[in-house]
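One chain, chain A, appears in both complexes that follow, with chain B as partner in the first and chain C in the second.
Right after this comes the complex of A and B.
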């Protein structure tokens, strides 16, 4: 087990930021921590990293209790913060060298690691640039390079794609997957469900400091009743026909607005086919038809009654 | 590890143009402005001869003694300006000059000496004092000649009865002449030394996880926080000392501000003053857990107040404060720095200088201790800067 958190409680005055939370992060996985803003993700990460005091519980990393002076543990951890933390007075190369130097003393080895990190994030052409000359996306890449240059076994990324353009975001996500393939265990926090769904092998959804659900994305989706959501555009329906649709097998919710029909089916077979057969039989014309499987947002919605981005 | 952090701290500080401006360029500009202000000040207060018209008539031409007396007060004596500025003119011209306000008075020998003025005032009183003194001395000479006619042949003996009597001689107890303007320059040096606190704030902010993201990164690394803090303080100290030395050199070589000749002692004052300034900054940065702007504002207030008490705004204020509250002389680091420079400049002994240096070191030690107590924590109750997005 790379990280083990047991019964963690962290309070800010009367507010419980982390509420009796336990988790385990396994070797080699990309563990996603998904939750809306203010759900306690960053507080949890800061407790794991021994930056924050906590009220109750225990935390161990690499099988040893985590503490501020646990340098033997810290040397194998890389952290990429949400906000860029680099020195404006140092070049790209110097920034990476500085932070890498806090972990690696040997100059020759460090030089090699810095070169590899620059290569990894694709900043070769910008190595002598100062951060102020870099675009937002390149700056994020530098931030990542500063966190991973020392080749850590555990990499914690706290919302690394906030305010990043789509191209840079894809670049970052691909990089995380590559790091994982190279052997690093990843903890990835985000409130973007698509990102978490895209790269994480296991996901924990948290809200108000509590665990909502944990599992692979398939496991999470199987926990809810939603099996399929079918949308039909430009369809004219009367109340009688809507009642018939509501009586279709597995139909759990029917919404009709502005000639657009959305039917949510619980798990089952031939849901789309049944709906199409009914419309054909009633001689109802319609436009485009879409069917989508449930998302993590649907999981969050079913468990909390709120959208993930509320 | 220490050398690695130190190297990059030096690079960061040397690239911090804003702080470099305030800790080096600004004091240089201010010292130049001081010089300009003081040169105008000395021009405004410098004495120029009182303008007087002397009527060039027969009585004047015949009175050699009076002519000599006039020469003695109208000719420049070394660096001192003459008492009177004389124009030898006809009576009509003299009257015209007086009417036009070109001269303050007319001296007319008719044959007795008369002073004609069209108003009373300070300058007119000085002219009258000179004439009274002359008449008094000439009367004495007349009496002497009557009593001892042989004195007429011995003019040197008459010098003893000259009109210029100096009863008191001003003597400086120190080794150098008193110069009030050095108070301002020394106070400016003290201010600059305390401006080192800006480096101190930055140094301490960048090792605390609850103050900056870079601080968080340092706390996550397998390196003792105090090691990075010490490397930062050392880098800041070297840079601040170099800046202060450049300022002293500029003041001394370019602005010609008077300093003691004991260069090593002056450098020691700069070294200790810089350390006091930087540790003041690390202490304030560690104790106040607010934004950078608030910390800088607090330090600016402290620095300018302490420098003001040391004579930065009014040289006499330093003495007024010291007289009213003597303990202020010992608890104000800015005053200790100026006083150390004074002690070197004015006194032959090192006692007062050494006392100031020891007190400055004591301050630095207290600031270091308070910095350590405020920064030593390993875990934080909250980390606002990191929680922004959560």
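Right after this comes the complex of A and C.
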């Protein structure tokens, strides 16, 4: 076990930021921590990194208790903070060299590692740039390079793609997967469910400091009743026909608005086929048809009654 | 030492700003040097006076001997002997000194009777005193021979006196204190230096502390395996090195510009005072850098604090021109004690341990302020960290 958190409680005055939370991060996995803003993700990460004192519970990393002076543990952790944490007075190269230097003393080895990190995040053309001259995406890449240059065994990324353009986001996500393939265990926090779904092997959804659900994305989706959501555009229906649709097998919810029909089915076979057969039988003409499998947002919605981005 | 390396790089980035302060200071020092009085007033210059010599004794061998002796130190000018012409000549500085030898002077002198000679000079002039001394010297020496060699002739007497007075002794004037004119320039220079040192340190140390104390950056560094104590030691090391380098630059500049104008003892004490003030400035900078969150605030506080302390402490205006109430208030600032120490040390003619002892208290006051400010800074840091980790 790389990280083990047991029954963690962290309070800010009357507010419980982390509420009796337990988790385990296994060797070699990309562990996603998904939750809306203010759900306690960053607080949890800061507690794991011993940056914050907590009220109750225990945290161990690499099988040893984590503490502010646990330097032998810290040397194997790479941290990418939510806010870009670099020196504006240092160039890209100097920044990476500084953070790498906190872990690696040997100059020659460090030089090699810094070059590799620059290559890895694709900042070769910007090595002599000062951070203020970099775009948001490049700055995030620099932030990552500073965290991974010393080749840590465990990398903790706290919302590394906030305010990043799609191209840089893909670049960052691909990089994280590559790091994982190279042997690093990753803890990835985000409120973007698509990202978590795309790269994480196991996901924990948290809200208000509590665990909502944990598992692989398939396991999480299997926890809810939603099977698929079918949308049919430009269709003319009357009330009788809508009642017939509602009586279709597995149909749990039917919405009809502006000539658009949305039917939510619970798990079951041939849901889309049954709906199409019915429309054909009733000689109803229609435009586009979409079928969408449930997302992590649906999981969150079903457990909390709120959207992830509410 | 990664934190120390980062310190060096941040300071390197500040160099253009730091150079502005140094260049302004150098320009100020250059102006001070060119506008100040020459630093050569401790040397002796032989000055010649313009003199009217009126001999009513019909020129004896003795008075001729006196006249020839005085010619070595004065240029004789012909003027009318009437009172009005003599007064005009003095008023318009045609002559500096009028010497009248009365009739019967030689007879009375040779008979060892009391004699009188008349002199008129511009009051308060050094040349008149100088000539007085020479005339007295000649006549007193002649009186000495006259009393001890009975029957000596005027010719023999003049020969002996002339021989004696021709003996010259080389005198080397060694300055034991800074001369007044150079002292004024030195005081201005070293007192103004306090403003530059304060600014250099607040700008350098304050900037680094501000940068390094950014929450995310500091947390990111705390996540590393470098122990917090080691990080703090590296910052302290960086601060000390930077402060000492600033002090060396300033003192080096002082040595180049004024090295010859100040005796070694004074120079060492002024340098020591500068070092103590540098440490006070360091603790002030450390406190400011620890308490503030933005560069704009740093810039504003730097200006208010450094200008305020230097104005009230007497770094820009001599302390004797500052009101008593302001001076009483400024005693809480290190600049007051720094300036006072400089002024007193530079003006001291002879430095002994006894004369230095009360002045050492000024250094103690500065160190006391440094410790107090440092204590406040540590309290601020502790409170901030407790709030962040809570």
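Just so we're on the same page, the second predicted complex is superposed on the first by the 310 of 310 C-alpha atoms of A that agree within 3 Å, B and C clash if a C-alpha of one lies under 4 Å from a C-alpha of the other, contacts with A are read in each partner's own complex, and residues count from 1 in each chain.
Assume a residue touches a chain if its C-beta (ideal position, glycine included) is under 8 Å from a C-beta of that chain, and two chains touch if they have at least 3 such contacts.
Worth saying up front: this structure is predicted, and the values here are computed from it rather than measured.
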| item | value |
| --- | --- |
| Clash-or-fit label for the pair chain B, chain C on chain A | clash |
| First (chain B), second (chain C), both or neither touched by A:216 | neither |
| Touched partner set for A:259, first chain B, second chain C, both or neither | neither |
| Which superposed partner A:90 touches (first chain B, second chain C, both, neither) | both |
| Contacts of A:72 with chain B and chain C, given as first, second, both or neither | both |
| Contacts of A:7 with chain B and chain C, given as first, second, both or neither | neither |
| Chain B versus chain C as contact partner of A:99, first or second or both or neither | both |
| Chain touching more of chain A, residue-wise (chain B, chain C) | B |
| First, second, both or neither for A:81, with chain B first and chain C second | both |
| Colliding stretch - chain C into chain B, listed as 4-12, 40-48, 130-138 or 148-156 | 4-12 |
| Footprint overlap on chain A, where chain B in one structure and chain C in the other make contact | 12, 46, 49, 51-53, 68-69, 71-72, 74-75, 77, 79, 81, 83-90, 94, 98-99, 101-103, 146 |
| Complex interface listing, chain B residues touching chain A | 1, 4-5, 8, 11-16, 209, 212-214, 216-224, 378-383, 385-390 |
| In the complex, chain A residues that touch chain C | 12, 46, 49, 51-53, 68-69, 71-72, 74-75, 77, 79, 81, 83-90, 94, 98-99, 101-103, 146 |
| Partner chain B, residues of chain A touching it in the complex | 12, 37-43, 46, 49-53, 67-69, 71-72, 74-75, 77, 79, 81-90, 94, 97-99, 101-103, 105, 146-147, 158-159, 162 |
| Contact set on chain C toward chain A in their complex | 2, 5-6, 9-10, 13-14, 211, 214, 216-217, 219-228, 389-390 |
